[in-house]
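Contents: one structure, followed by commentary.
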Amino acid sequence: MTNVDIVIEICGSAGEGTISAGEILSRFMSSQGFEIMSFDSYPSEIRGFGKCVAHSRISNRKILSPGKYADILIALKDAHSISQLPSLRETGIVIYDNKPPNYLEEDKSIAGWIEPGMISYGVPLLELAQKAAGNSRGRNMVAIGALAALFQIDDEAMKASIRSRYAKKKQIVIDSNLNSFQEGFEWSKKNITKIDPYTFRNVRLKKSNKSRAIINGNQAVAQAALDSGLHLYAGYPITPATKIMEILSKELPKKGGIMIQTEDEIAAIGNVVGAGFAGKRAMTATSGPGFSLMTELANLAVMAEVPAVIINSQRGGPSTGVPTKTEQSDLNIALSGGSGDSPRIVIAPTTVEECYLGVSLALYLAEKYQTLVVVLLDFFLSNSIRNIPMPEPINKKWLKGNIAPTKTELKDYKRFKNTESGISPRAIPGTPGGMFVTTGLEHSEQGKPQYDRETHHQMTRKRFRKIQNAINEAPKPQWRGPKKDISVGVIAWGSTAGSAQEAVIKAQKEGIKAALMSSMLISPLPADSFRKFSKACQKILVPELNYSGQFANYLAPYLNRPIERLNMVTGLPMSAEDILDKIREMAN
Amino acid sequence: MEVLKYSYLDEKIDEVKEQGFLNYRTSELPTWCPGCGYFGITHAMVQACDALGLKNEEICVASGIGCAGRYPIFMKAYGFHTVHGRSIPIASGIKLARQDLTVFAVGGDGDILGIGGGHLPHIARKNIDITLFLFDNSIYGLTKGQTSPTTPLSQVTNSHSQGNPDTPLRPVFLALAHGASFVARCYAGDVEGMKNIFTQAISHKGFSFLHIVSPCVTFDKVNITWKRLRENFRAVPSVHDPSDYRAAIQMAEDPRPIFGLFYHDPSRQSYQENLRGKRSPENSKSSER
Amino acid sequence: MEVLKYSYLDEKIDEVKEQGFLNYRTSELPTWCPGCGYFGITHAMVQACDALGLKNEEICVASGIGCAGRYPIFMKAYGFHTVHGRSIPIASGIKLARQDLTVFAVGGDGDILGIGGGHLPHIARKNIDITLFLFDNSIYGLTKGQTSPTTPLSQVTNSHSQGNPDTPLRPVFLALAHGASFVARCYAGDVEGMKNIFTQAISHKGFSFLHIVSPCVTFDKVNITWKRLRENFRAVPSVHDPSDYRAAIQMAEDPRPIFGLFYHDPSRQSYQENLRGKRSPENSKSSER
Amino acid sequence: MTNVDIVIEICGSAGEGTISAGEILSRFMSSQGFEIMSFDSYPSEIRGFGKCVAHSRISNRKILSPGKYADILIALKDAHSISQLPSLRETGIVIYDNKPPNYLEEDKSIAGWIEPGMISYGVPLLELAQKAAGNSRGRNMVAIGALAALFQIDDEAMKASIRSRYAKKKQIVIDSNLNSFQEGFEWSKKNITKIDPYTFRNVRLKKSNKSRAIINGNQAVAQAALDSGLHLYAGYPITPATKIMEILSKELPKKGGIMIQTEDEIAAIGNVVGAGFAGKRAMTATSGPGFSLMTELANLAVMAEVPAVIINSQRGGPSTGVPTKTEQSDLNIALSGGSGDSPRIVIAPTTVEECYLGVSLALYLAEKYQTLVVVLLDFFLSNSIRNIPMPEPINKKWLKGNIAPTKTELKDYKRFKNTESGISPRAIPGTPGGMFVTTGLEHSEQGKPQYDRETHHQMTRKRFRKIQNAINEAPKPQWRGPKKDISVGVIAWGSTAGSAQEAVIKAQKEGIKAALMSSMLISPLPADSFRKFSKACQKILVPELNYSGQFANYLAPYLNRPIERLNMVTGLPMSAEDILDKIREMAN
């Protein structure tokens, strides 16, 4: 029995079936009992011939990050794949289209670019596809066939997978895919002499894994919303959040809820705030450009103390930016977008599981604390495909958050009573005797516009104070590794935390006293935990996918110490290797 | 029709009390200027609620920012004084969450046609069941007298000392063009008339658009004044059939001000009926392609 | 009228080169799907510029985001691919700064009527001298097939698997209602027809609204398809007088698709003429009060 | 010869002539050669009976802050004035309406609220007004008359001032104002025995002051724009910025420019960005709620490298907030509003003079650095009235900022050439051969959308790098006080800097080694100067008008040290006294 931890990349042009080949591979591996983490990258144009990469990490052990280097690269389009070669391990394997010479353009064949140390297997993808189905379309399946032959993957099981993927298609489509696979499989069995050590055979696999659902971050978000009593989803399409709307459009009505597609993001958050005021759970999902437009109304939720949840899946910015690449650069506006001092709760899930957890928590906290909650995902988390076990069904307590006024309180009802906790009992429209007005103007305890110095000061304090207790309701910050004498303490957030954890584990194996601190709850910051961690560390490193070090800047006033930064804005998730390199450097 | 009688309601508070309409008023004194048309609108709203026997706690009023936007502060109901231009999306959200509530959206001409103008076509075509009260004084009141989307051409305002260069919009025509299922124009001086139309609008299942022409006595001494409105007031002819869309359009094009119910399509399904699958093929004012 | 001839321009690149229109094209290959209606529009735009003898450097094209929004990337001119929904304010800013430039705004139906819908009434009434090309495919193309403001009722889209519940907007009717001074509807399959109308629109001193119906071959296989458009194509009757506003309105209400010039008021002053004080009392389509 | 430094407050209801009485007083004092700093506060409703206060500080020496405590309170409305009493110096003077008893409501007469130590002069304001003009309207002028009599102000000169204030009104209005003044003056001369030491007589005044223009921050902004070649102002009304639009609407056309009132703030910034692209100087002015709406398009300017200037006059927030009160709580969104990493230039004038300077600088920097420049004012600066000398006419160099491509550069034109400085030569539409496309998407040097890792990384760096040099073009940060061994170093920004300077001067007089650092340029931060200052200080204090310490947080990652904060959100400007108290506390 061996252990497996292999990264496979399939690289081709948009429209060549690159992404669907990746999907078939992942689903198959999952069904075999492997753990998977898959992630596609593609251009933001609908057509054109942009580069697509389907990236999958496959292992029989827990996967923490997507993996920086591929072990196996399947090159469906040479020109794009050449530019993908730097991501291939030095001893990696390339499966490429061994085209007849008349198809080759000079310098465009990947065969000429393969470095010594790498292994390459040429397979006549095009020829075999044409043989199998009379056209070039099946090249992706031929390649999968070759993969199966080379790495000892059960071909019958794989064929079953292909069949189920295309179950809804016409028989001819199913057949040509299967035939293409078969051609690739057989040709490779016969013609290729395997000279690499990789195999998927004889791996110790957990049976329980086989039945795991395959889910990405967006699906986890939608599922959490459905399980947490969401009544209204209002949204406007935008990459990478659109899928959340599309899922809820189908599923929410089945639960008696409503999905409304609005004219813009302003209307979407407006609908959410309206529904929140009316006492129902509501949310929207967007990305940076849409989130920018929402900030004014988002701050109304803060000021008027109305529950509202915004999921913001970050992509490369600023402006329209890099719509189909990942980044963590909307932290600043999550924390303080919109004018004025406007405290809000910010949650940044670090994994697909936490996308589920984070959204349930967000809907609860918004209701209980009567304010804005922002959940920060990113392109990677939204689209990262896992076959992880779903978290336990939602904490029952989280299903009901609102604190209604008592009969006595209704007598002389102060909707914005400045209580010790800062939370005021909230009457829902329809409650007799609970009528009040709420406003985006500063207001008295009764909700009446009021501008004197005391009121604004006290009410500002109230709004800041009331969210503090969320720290005790959210999952505790995670401190992994030694508790003292830490040489390099890594503080990571969002999707970067997984890679950071992997890096810390590897560093520890190398004898470096490294530790990790991360928290799903970003605001209010569980500052005590961070300060404690900081005190235990000689050096602090904050790796994040933005240029300006937004999280490091956010931590600075809490920690009052120099913070090392690792910032990358390449559009790719940060890898464990990148962080490990930096840890090593700092440990010296 | 008695003009101005209730235009400064608070001086008539006892009189009003006797009539019992104070049920729908809070103890807040409106901060509007004496003589402002908004007092009359308020009075008519209160009377319409009374006529319909609405329970206070089942009324939700969402408003934008402006003199008009202050309205919910003076009404005994669940009130939401939101931000500039967003009364429509907020009111829609309320209604989508709670069909059991009677939902009003209130805003000024700047609010509804300027900054919030992008929402109007969509609530109209979606036909979400709220009543929109457009308090149109053809000026930005609260910010002290700048040009609004309905300020007459060439009027001198604080932002156009040489006269407004922009052709004004025609709210009723727009609402019809967007496909609103209930469209009326009211005059803030005619409390009885407003009450009648408000009552119908609130009862209408679907989006109701109420264009209420109201003078700003402080920032417009020239165009939309009590005097000129009174002189030029014309009612929708009694022969007009409110189900006749084309006739409504033609009236909306008329350069003279006409007040009354322009259009009413009681058969059109509201958004929520639509979602519940009761979709009918004729449920569409869409004519193009 | 020849349909689809230029619909996939880049396969015809040599042919086009011979005709010399490549003057207005960059070397970028459009990233549109083969068969997309936008190729034909591009070709007609290029021909119209050629017919008018415009200098490349005096053309400015501002666009929003979407498949349509990509347009400036393929045109040899000063191009500004802005953000979603804002081609109108950006194009207006360009024109207000530089009267010497010929300014185009380009956007999809989501761009111009959805997120950017609040700008349309105001550029129309201000009559700023730009030409708006609304590439209307009745779908959100770039984000992969969601409902747009002009998606037909009940159409199944990626965001409405149970069918679109929202009555679509009628762009030409709206433009007329907002008071646009040049309003036409074009068909993306009719390059010659588009060229003619584009030429007139660009020459018009004031705001020109071009509603261009164009199939999205990828995300709409049912409603706005080449086949159906070809079958239902109807031209504006030759007897129609484009200065007749009421007739234009009536045509815009017609449920069948009519293509051609609906309305043209060459006498209406543009915004900048207006500012220069040449204000005329009739310079107003405002009819209310 | 004596020195004078007196704060007078007139307090009444909206509609009682409170503000105009204050204005007459300020103009008069200015014409006499005093330096003035005046500031009104009023409710945000048009009518109603909200509280108005006209506050003026009058001195023959330089005024740095509005002054926390009034020396003289003129109470036009008792109920409001009672709540204003805490702002009166312990030994202050109240001039109040000595009404006949039948006008008095219980507890509502201010006479009963005056503390021992204070001096009160009752004047029958209402009676005298009625006597003078037959109605109550002239009470404000009666009070001014009493003031003149009590503090030895030249009554004839004052009458001339009143006359000129109402010059455009009907004779009867002028007369009744003059008569009211006269009644107040004479009655007080005859009936009041002066027992306080204040006087405006025998003061050493500079002749040159007399001809100074009276100007507030908004007027300075408009004047700067007019003097700096602004072509387009696009705006939407909002307090406290509206006045800028109203002035430019009149004045810009005279210079061939255009003022356009748009349908919303999004269109306003859209117009500005369009005009900037087309090669003309353009700007807009707004406040927090409008600024929130602008952030998406503002970031387009950053990404597409187009000049754009936004003046944001801050008011109390969040949301609609406290429209007619001052606050400094939009720093966060000025620095990073909108999605993604979007570096921009932020300028925060500290005085009315700097409003002028800051706006000229902003228009220049926007053009030269091809990016967004935000100028942060606040309600106080916008409305604070000074009779200061205007700064020298604009730096000529600032009138032309754009760097056009050379003929050679146009040959193979790269609009976004990644130069060393980060600034790329910019062709203006109309330039033959300069055609390019710019986009809010990440793009190549040619401006073509491009999403690969290198491009996004390099272009992000370029955008951050290019604005760095603005540090060398803006006025240097101001370091006032000792250069080393500072016990309390105050770092202040925006309108708070004046009070901080006054506080530091006073602290020094008390023997505390205090110093001040402030910079009009906030971003890019002249970090070296701040670090140097920080090194010289034992303790650092950042006073600011917001709750969360936005500037202190912004400094934290640069200074890596604990920072003391003084945060106030009362809607009032921060006073020198408040800061001084804190300095004293810290020095102990």
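Here are a few things to note about the model shown:
When the chains are written out, they are named A, B, C and D in that same order, and each has its own residue count from 1.
Convention: a contact is a pair of C-beta atoms (placed from the backbone, for glycine too) under 8 Å apart; a residue touches a chain by one contact, two chains touch by 3 or more.
Predicted model only: the values in this text are computed from it and were never measured.
Between the interfaces B-D and C-D, more contacting C-beta pairs are found at C-D. The most distant chain from chain B, with centres taken as the mean of CA atoms, is A. Between chain B and chain D the centroid-to-centroid distance comes to 38 Å (mean Cα coordinates, whole Å). For the pair chain B and chain C, the distance between mean C-alpha positions equals 33 Å.
Taking each chain's centre as the mean of its C-alpha atoms, chain C lies 45 Å from chain D. Touching two or more other chains at once are residues 65, 83, 115, 117-119, 121-122, 126, 149, 162, 166, 275 of chain B. Touching of two or more other chains is recorded for residues 44, 253, 263-264, 289, 296, 300, 304, 319-320, 439-441, 449 of chain D.
For chain D in complex with chain B, the residues that touch the partner chain are 44-48, 50, 236-239, 242, 245-246, 249-250, 253, 261, 263-265, 289, 319-320. Interface residues of chain A facing chain D in the complex, by the touch rule stated above, are 43-44, 83, 287-289, 291-293, 295-296, 299-300, 302-304, 314, 316-325, 327, 329-330, 332-333, 335-343, 439-442, 449, 451-454, 456-457, 460-461, 464, 546-550, 552-553, 556-557, 560-563, 568-572. Considering their complex, residues 231-232, 234, 253, 258, 260, 262-264, 266-280, 282, 296-297, 300, 304, 429-441, 448-449 of chain D touch chain C.
Only residues 29, 31-34, 65, 67, 70, 83-85, 114-115, 117, 140-144, 146-147, 149, 158-162, 166, 218 of chain B touch chain D when the two sit together in their complex. Per the touch definition, chain C reaches chain D in the complex via residues 26, 28, 55-58, 60, 62, 65, 72-73, 76-83, 86, 88-98, 100-101, 118-119, 121-122, 126, 272, 275.
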